[in-house]
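Structure in structure tokens, see below.
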Amino acid sequence: MADVSYTKQGSALLLVDPYNDFLSEGGKLWRPVEAVAREVGLLDNLRAVTAAARKKGIRIFFVPHHRWEPGDYERWAHPSPDQLASGKRQVFAKGTWGGEWHVDFLPQPDDVVIKEHWAQNGFANTDLDFQLKQHGVDRVILIGMLANTCIEATGRFAMELGYQVTLVKDATAAFSRDRMHAAHELNGPNYAHAILTTCELLAALAEVA
Amino acid sequence: MADVSYTKQGSALLLVDPYNDFLSEGGKLWRPVEAVAREVGLLDNLRAVTAAARKKGIRIFFVPHHRWEPGDYERWAHPSPDQLASGKRQVFAKGTWGGEWHVDFLPQPDDVVIKEHWAQNGFANTDLDFQLKQHGVDRVILIGMLANTCIEATGRFAMELGYQVTLVKDATAAFSRDRMHAAHELNGPNYAHAILTTCELLAALAEVA
Amino acid sequence: MADVSYTKQGSALLLVDPYNDFLSEGGKLWRPVEAVAREVGLLDNLRAVTAAARKKGIRIFFVPHHRWEPGDYERWAHPSPDQLASGKRQVFAKGTWGGEWHVDFLPQPDDVVIKEHWAQNGFANTDLDFQLKQHGVDRVILIGMLANTCIEATGRFAMELGYQVTLVKDATAAFSRDRMHAAHELNGPNYAHAILTTCELLAALAEVA
Amino acid sequence: MADVSYTKQGSALLLVDPYNDFLSEGGKLWRPVEAVAREVGLLDNLRAVTAAARKKGIRIFFVPHHRWEPGDYERWAHPSPDQLASGKRQVFAKGTWGGEWHVDFLPQPDDVVIKEHWAQNGFANTDLDFQLKQHGVDRVILIGMLANTCIEATGRFAMELGYQVTLVKDATAAFSRDRMHAAHELNGPNYAHAILTTCELLAALAEVA
């Protein structure tokens, strides 16, 4: 694993899909992620990492999934299996509680909210790369949901675009333990420059001048 | 899983990284993939699928990894772990046997050879999307190496770009069985429109007019 | 110039920035474009082309510029001269009449509204390419504002992505005649597959089955 | 115009298409550019700017157009007018003198040679953005050919990607004076952060620490 470091200007925290449907009791996808989320201490870790980033002046970029609306995907040639499934359940539906930010993860004035991504990759069809460049960022730390879908797709592509990539394996969750294992033990080591625990990340952030 | 179909004009076969270093006895990465490759019948399946595609007039796009050269990655800010590791071993070195196509998978006059990708995603920093468009393709079938790295990165992004994606789980290989499982059972179903065996794909291609 | 044709499925009309600030008396940019707009018959031509497209079932994609909001560009490393200038004048300001669609160009249920672009190129940092692919489009007709900025930037890049590009030289306008000349006589012929008058386009669309 | 500055690490010189066919007596496109090239002092200015960049340690990125090969564009759905025209004349033909670098502009060991672009935009379908990121560049200076085609297409898109863009109006040329005027007086001011003479650029580079 490469020797990574973080800087106030050059680093960014990418907070992926912090919606009620993912993170809150009663959310449409809370039940399937609950076991892993509780096991790793997800909510506490997300709170700790976002607080540490704010304290150090490391900017937070919200990287949100498309909020479902009536008519979505209906006339598309090739909607993905995930789009069809989440469309059917109206996950992250626009104008509903499930599609709102979890109350502990609301954008603050200095944060940047990226355009919604249609699938899993927060760079695809959005302004994420552009906004990172305009803010002088070349290092990204990814937290949020899910480890093997949006986090992995965004992290893989961040590397393809030339960014330094840090994964935080207990500040994310997935529908099963083997999906976590795939994300952090099998695939992550091929593209991520660092795969840390929240504890390790907090220690590294404490060093930022 | 979506109901997929193939057409002579709209479909393309993406043959990823068919280098000697991956596919031939004595190749630098043959030993780590050999067990899985033999178990799934990789070489025979690659031969069968490419032959069937040619017979039906479905165009083959070669999607090659960067061939290593001296100096690679040395002045880069954030080379990936894979780039550093394969650079150290000079995998797919330019001008060597390891960086040549396996003798059974040589480009033919009607094939298209895409620019080399620097990491895992055959679309990133190349003309793959452009060439697919110029050839009227909206459906891609991915075969070659490795299931959880280049094939997965390219397939995930093909979906993000709007293509219909087919994976062929015994026309690829990986460094371990659990990497194959991650690619085809855990991650593939989230983005791929079809995950077939070679046998199933050959049957579907036989239907192409 | 290439021999172009249009089809119901494969063609799309890209309507760029049909905001009150550009197209309506009292709009912030109406005065600088008024002379050219009146000379070419802009509004009537935009109405005629959009009506013809709807009649033939050719889908309309709205390609909107970013709507200005307080704070825009303030912390960016390299805002463009246009961004700084239009930010200062609050052009297309969110929640104001100037940033609303001109009343004759409101999205209809079958239209697609693309994410807002930050600068001039409707593909950059948006889902335009993705939505065109999901709707099976490989040919784009560009109308709207301005001939040498957003229309040209979007048309140039459409060609780079593999699309067939049609410009309509009297269904756009610019701040001066020489900018129109530059767009349609000097630069357009290098990248556009057809540069038509509204009259010629309507005749071609009348042939669409 | 914005207040721009240059730094050794963050700035790059993009040298676009320095082929014999463009820059040398007897090149296929030399005759049409000769009048403007002589008027602005093109060759001397290109030599002065590249020498100054090398002296200051500002890295040079070669941004080359596709070298023509037999079969090019033949099976493409939508080749551009420029591709068809230059294909017919076999401009920049691979393996010929016309497709070689002008003898005064040969890549040196520290330079980066980007993948060939298919049309006008040096970022499209290439690794230019990726290589700029891996070298820590956020400011680009564009010189070479032609002012209103490859230079303009690359400069416009550099801005869309978040880079600071400098044009050098006498270190480029075009097929006519009005094309130069269009590039530097009509279009450039909308997207470029600075439009300098060679003299002004050399003075600015002399300040680089």
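Order of writing sets the chain letters: A, B, C and D. Residues in each chain are counted from 1.
Criterion: a residue touches a chain if its C-beta (ideal position, glycine included) is under 8 Å from a C-beta of that chain, and two chains touch if they have at least 3 such contacts.
Only a predicted model underlies this, so the values are computations on that prediction, with no experimental measurement involved.
*Asks:* Looking at the contacts, which chains touch chain C and chain D alike?
*Replies:* Chains touching both chain C and chain D: A, B.
*Asks:* Higher C-beta contact count, B-D or B-C?
*Replies:* Top pair by contacting C-beta pairs is B-D.
*Asks:* For the two copies chain C and chain A, is the contact made of the same residues on each side, with over half of the numbers shared, or of different residues?
*Replies:* On the two sides of the chain C and chain A interface, the residue numbers are mostly the same, over half being shared.
*Asks:* With chain centres defined as mean CA positions, report which chain is farthest from chain A.
*Replies:* Most distant chain from chain A: D.
*Asks:* Chain B to chain C: how many Å between their CA centres?
*Replies:* Using C-alpha averages as centres, the distance is 38 Å.
*Asks:* What's the distance between the Cα centroids of chain B and chain D, rounded to whole Å?
*Replies:* Inter-chain centre distance comes to 34 Å.
*Asks:* Touching at least two other chains at once: which residues of chain A meet that condition?
*Replies:* Only 77-79, 118, 124-125, 129-130, 133-134, 136, 138, 160-163 qualify.
*Asks:* Across the complex, what residues on chain A touch chain C?
*Replies:* 75-79, 115, 118, 124-127, 129-130, 133-136
*Asks:* Which positions of chain D touch chain C when the two form their complex?
*Replies:* Those in contact with chain C are residues 1-2, 77-82, 84, 118-121, 124-125, 138-139, 148-149, 152-153, 156-157, 159-164, 176, 178-179, 182, 186-187, 189-193.
*Asks:* Using the touch definition up top, name the residues of chain B that touch chain C in the complex.
*Replies:* Against chain C, chain B makes touches at 129-130, 133-134, 136, 138, 160-163.
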